[in-house]
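Please find the structures below.
First chain A sits with chain B, and in the next complex the same chain sits with chain C.
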Partner chain A sequence: MLRQLKLTLFAATLLATGALPASADPANTVAFVPQLIGIPYFNAMEEGGKKAAADLGVEFIYSGPVDTNPVDQLQIVQNLIDQGVGAVSVSVLDASTIAPVVEQAKAKGVKLFTSDSDAPDSGRAVYVAQATDQGLGYAIIDEMVERVGEEATVAIVSGEATASNLNAWIGFMQERAKDKYPKLTLLEPQYAGGAADRAAQIATDLMAANPDLKGIIGVASTTCPGVGQAIETAGKIGSVIGTGYCSPNTARSYLKSGSFGYSVLWDPAKLGYLTVWAGKQLIDGKPFEASVQLPGFDSPTTYDPATGILLLGEPAVFTADNVDQFDF
Partner chain B sequence: MTRLLGGREATLAAACLVAALVFAAASPVFLTPGNLLTVLRNSTELLLAALGMTLLLAMGAIDVSIGMAMGLAAIVVGQLLMAGIDPALAGIAGPLAGAALGLVAGAVVAFGKIPAIVATLGLLGVYRAGIFLTLGGAWLSGIPTGLTDLVATPVLGVPPAIVLIGLAYLAVFVLLRRTPFGPHLLAVGNSDEKARLSGIAVTRIRLMTFVVAGALAGLAATFYIATYRNVSMTIGATLPLEAIAAAVLGGTSILGGRCTLVGTVLGVILIRLMQNGLLLVGVPSLWQPVVTGAMLLIVLGLEAGAGSEGLRRLVRRPA
Partner chain C sequence: MTARLRQSPTLAILAGLWVLLVAGIALLSPGILTASTLTTILQFSSILALVSLGQALVILAGGAGIDLSVGGIVSLASVLAMMAVSAGLPATLLPLACLGIGLALGLGNGLLVTRLRILPLIATLATFYVFSGSAVALTGGAAQSGVPAAFTPWGRGALAGIPLPFLTLALPLFLVAGVVISATSWGRWLVAMGDNERSARLVGIPVDRARLIVYGLSGLASGAAAFVSLAWLGSARPNIGQNLELTSLTAVLLGGVSIFGGRGGVAGVLAAVLLLVTLQTALLRLNINTVWQVGIVGALLVAVLVADALTTRRR
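Right after this comes the complex of A and B.
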């Protein structure tokens, strides 16, 4: 009975993780486990990972849970470790479940590291980070000032008031405005929760209450369409510039209509590339240098030995001109 | 009875007026026609959903899946528009999809003999998963403007949107006050056992009410798409609670048997007026729900102070 169960589990594992080609060397394989398969963001990471694998001459396995279930994700990671792949990277769903697996991986000689979402203090080999909160907060303000000038009033529409990442970004926006652009007026952030329609209502009200408003920043990705739609409906295209942290697919129609001037995020394809590159470095036992320029990257990636973070570089800025080069 | 309901409506109308006066004094923007139109425009989906919720509450039921039903209907309308279907047909698909989803909810409640709150909580989960699976983690965005132009372009000086919403209200009013369906619905809300004994087809009334409420949520979806032209993963998340709040604020009993459509309309307007005005006046975002909540308590409290039959009934009636 138990044997049968194990066999079934093994078969399921092979199906779930994509068995290695017979000719491939497991030790020369980098795996990436996303939080969820089948969504455009992680599909883009997969594409980038494939490209890196081809460039660097390693095998690449992409496998993850079908919903954001930490236990399922953990099982996939464990299966990959059991297969003896060279390196496994994880976009961590639950940081607390990862630490024991790191030990398990070390015992088997597998390099386990994190990418896209970290588990600090878990003993992971490295964290491949997409952007820093500071980088994202500063970039959106810098880009805004470039478009509307320093003497302008800009509103912030956020999602949940309790979301720590959103609040961190807002904190760095305010810091940047205070330190570098003293004449820029950032209005108190408004919170729309997770609702796109509420974000549109808030954006409309903000434009009514502040006739001199020059820009609206949608902090949560759920607020972007609301902000864009509100600017279109109010007929303020050109006089109010919308922006936010949202993917090209979300922002596309607003970038094209002109209600959005730009969108700030990172390129998950590049993040996927960097993930596989980092895995290859780990397999080869090469240390990370403080700064490395990878082919096709706009800015050098940096490594901080103190935190063990390998940073993709400056956030990406999407505009009407380049948005069609991305699909996530 | 009628006099008392009038009392609640008068209280609400006064509350709206007081709020409007305060906001007008504090913000030069508030009383501009553009802003008042914005408030009305922002009330549309909530108004339609709240009318449906009013009928359900009056029947002693509730539907907490109504926001997700609107979301699914919105996906249908959005997909049809993106597929190039005629905007008028796509618009009609909204209420049809909503009615179908309402039928499902009604069938679960009426035939499954499951309490409405439990049944619709279950459906809420199913519908939400349905939204996630259809959207696949992305957004439905870049929906063409056909429907927007259709409902917003004035015909003989009046935007069709206003006519449609007026017709929807009229239809609910006629159904409730001018056909046997209305008294039967209220009878079921008072006591389904007594209603059954007096020969009312309780199951049919239940099904019909859920279908009507679903169709109204579906119509809300049509307006949602016309206005926002996108569907997010979180669409409709706050709709059921706001609809319940508007109906109860308006004077509809959460225990069934009593409702007022005018009260619901006023409840919706008060909720949206507060949200708009507080932002214009510059009340920090985190305090806005506090003020709205306090307002709700004050309106209900004023009536309790006046010795309302409704509230005494709440206390007296066994749960």
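Right after this comes the complex of A and C.
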């Protein structure tokens, strides 16, 4: 019996290890629940959230599932609501990860909202969005024209032909070229699937078939390394400019070698900052204004009352000069 | 009572751990001890409890019995049932569809094990991939929304702080299973064939038929869990059953069921499920990194198994 008790105590000590007292004032706390923890993207959001919490004088809780399991995420959200945290933001895996608790949150006065990934029609207070498809599509074409001029031929290498977000971005690229740069020639998009080596093959073929090619856009993050490698191995650094929607960590070596002129995405640290700022606004009961300039942000954030979307602003452009300031 | 506890040391250990855990929470963060916390714990226990019940029966019946496909069945049953409703099946038949699909998939496992004599570990590992893979393939990975609104009040509701899925489904099934195992001859057959299959065959127990039914029951329990997930989340997730095979196995072993079969009962399994979910909830409330939680559950399993081994050897 004694031994049993000892073991029980041993196990209980294990449970207590690392236990920390809960935060001082739950009502003045903003929580963010990512889709999973331990990846650079969400780590960057956490950093931004911490910074905002320090600036705004609120507590910040960052807690998420270890894999993309909707029930685990729901459990974390549920517990934050039970704790009576002032505002809870969630990068939802899908609507089911907040649908069961929306009513409960309202009853308890907890502001439940989405960030990074939305659950429309769920009754969330606001959606903090990183970028619009239009903004991303326009930005990559504008930046390209700035580097290669208007009279140029540019190729597009995408990932899966069925991916709706990638196709939306391509659609806005084509729209921008047609409306604003009539002399710009965009070649028909080529699809590489999810493989970087296939993207490299396609990019190599495109350069061989179009000697006047000035730029290649790698639409999916998986196609970026392929495009960069192809430009490097073809010895076309300087004459062909590569780019894509890829994170600084993915694009870094290509930006430094010169095969990539720039990369377009958004800054998750800023998104994390904006998320906590939005939570604080909700806790204080302040309405969102149509346009607000936050400290340290390049462009103002905008709010659309019709859709309930708070938009981070213009997409971020990463170049060889600024890429080392980012780690995601 | 003391005599009973001495007979099943795991139950005593689990109860002791649970008391310690609650006392620890009360000390560290008394604000957690509210009725709504209890509701949360039971809500998140419902699916795991149902799946673990089926898993416990399979393991109890011995013959190297194990059902690794439970998570796959939950995913596939919820997705298929939801697709059937979208395709025109009357919404009122949704629960029956979940149960029927679960039962059919479970019986499929049973046939592989009893007719083709494939080792359960291998057979259910294979069907785990088939079931969970099909669920993702059929849906393209997207959640299927549109669960009839009539079901969500049951899935999200509570009576006196006890969630309805737990009160009206999980708890009654555990009671029935407990009675069947201890008070019916069929239940005693299960334990007997788990304990010593050779003697069970010699005394004329229809071992293969009983085992086939047990795998069917495990599928049925997973089908019930699939329905709980639909009524609760309001949509069918193709990966809703993710990790359930391992967590249910953890609950069953933690609950004192011997992996070789023939020893243990369902009461310990329910206690283990509640302990696991309470532990998760407590750690979340104390804002302990979720990465730690996985390790702590593992340490807990080792501690309980070691304690169990020591007490068994002494006897």
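Please note the rule applied: the second predicted complex is superposed on the first by the 303 of 328 C-alpha atoms of A that agree within 3 Å, B and C clash if a C-alpha of one lies under 4 Å from a C-alpha of the other, contacts with A are read in each partner's own complex, and residues count from 1 in each chain.
Keep in mind that, in the parts below, contacts are C-beta pairs under 8 Å (C-beta built on N, C-alpha and C of every residue); 3 or more make two chains touch, one makes a residue touch a chain.
As the structure is a computational prediction, the values presented were derived from the model and not from experiment.
Student: So, does A:Tyr191 touch the first partner chain B, the second partner chain C, both, or neither?
Tutor: It touches chain B, and chain C stays clear.
Student: What is the contact status of A:Asp298 with respect to chain B (first) and chain C (second): first, second, both, or neither?
Tutor: neither
Student: I'd like to know which partner A:Asn79 touches here: chain B for first, chain C for second, both or neither.
Tutor: A:Asn79 contacts chain C only, not chain B.
Student: Does chain B (first) or chain C (second) touch A:Ala95, or do both, or does neither?
Tutor: Once the two structures are laid over each other on A, A:Ala95 reaches chain C alone.
Student: One more residue to check, A:Val71. First (chain B), second (chain C), both or neither?
Tutor: The second partner, chain C, only.
Student: Which partner does A:Glu289 contact after superposing on A: first (chain B), second (chain C), both, neither?
Tutor: Once the two structures are laid over each other on A, A:Glu289 reaches no partner at all.
Student: Pick one for A:Thr204: touches chain B only (first), chain C only (second), both, or neither.
Tutor: It touches chain B, and chain C stays clear.
Student: Comparing chain C with chain B, which touches more residues belonging to chain A?
Tutor: Partner touching more chain A residues in the overlay: C.
Student: With both complexes overlaid on chain A, does A:Asp324 touch chain B (first), chain C (second), both or neither?
Tutor: neither
Student: Report for A:Gly38: first if it touches chain B alone, second if chain C alone, otherwise both or neither.
Tutor: It touches chain B and chain C both.
Student: On chain A, which stretch or stretches are contacted by chain B in one complex as well as by chain C in the other?
Tutor: 38
Student: Which stretch or stretches of chain A touch chain B in the complex?
Tutor: Where chain A meets chain B, its residues are 36, 38-41, 161, 188-191, 193-198, 200-202, 204-206, 208-209, 211, 222, 225-226, 229, 233, 249-250, 252-253.
Student: Would you pull the chain A residues touching chain C in the complex into a rising list?
Tutor: By the definition above, chain A touches chain C via 3-5, 7-12, 14-23, 37-38, 61, 63-72, 74-76, 78-79, 82-83, 94-96, 99-100, 103.
Student: Going by the contact rule at the top, pick out the chain C residues touching chain A in the complex.
Tutor: Residue positions touching the partner: 9, 12-13, 16-17, 20-21, 24, 28-29, 31-32, 34, 36-37, 40, 43-44, 47, 142-143, 145, 155-156, 229, 232-235, 237, 239-240, 242-243, 279-292, 294, 296, 299-300, 303-304, 306-307, 310-311.
Student: In their complex, what parts of chain B are in touch with chain A?
Tutor: It is residues 27, 29, 32, 34-35, 38, 42, 45, 136-139, 141-142, 224, 227-235, 237-238, 275-276, 279-280, 282, 284-286 of chain B that touch chain A.
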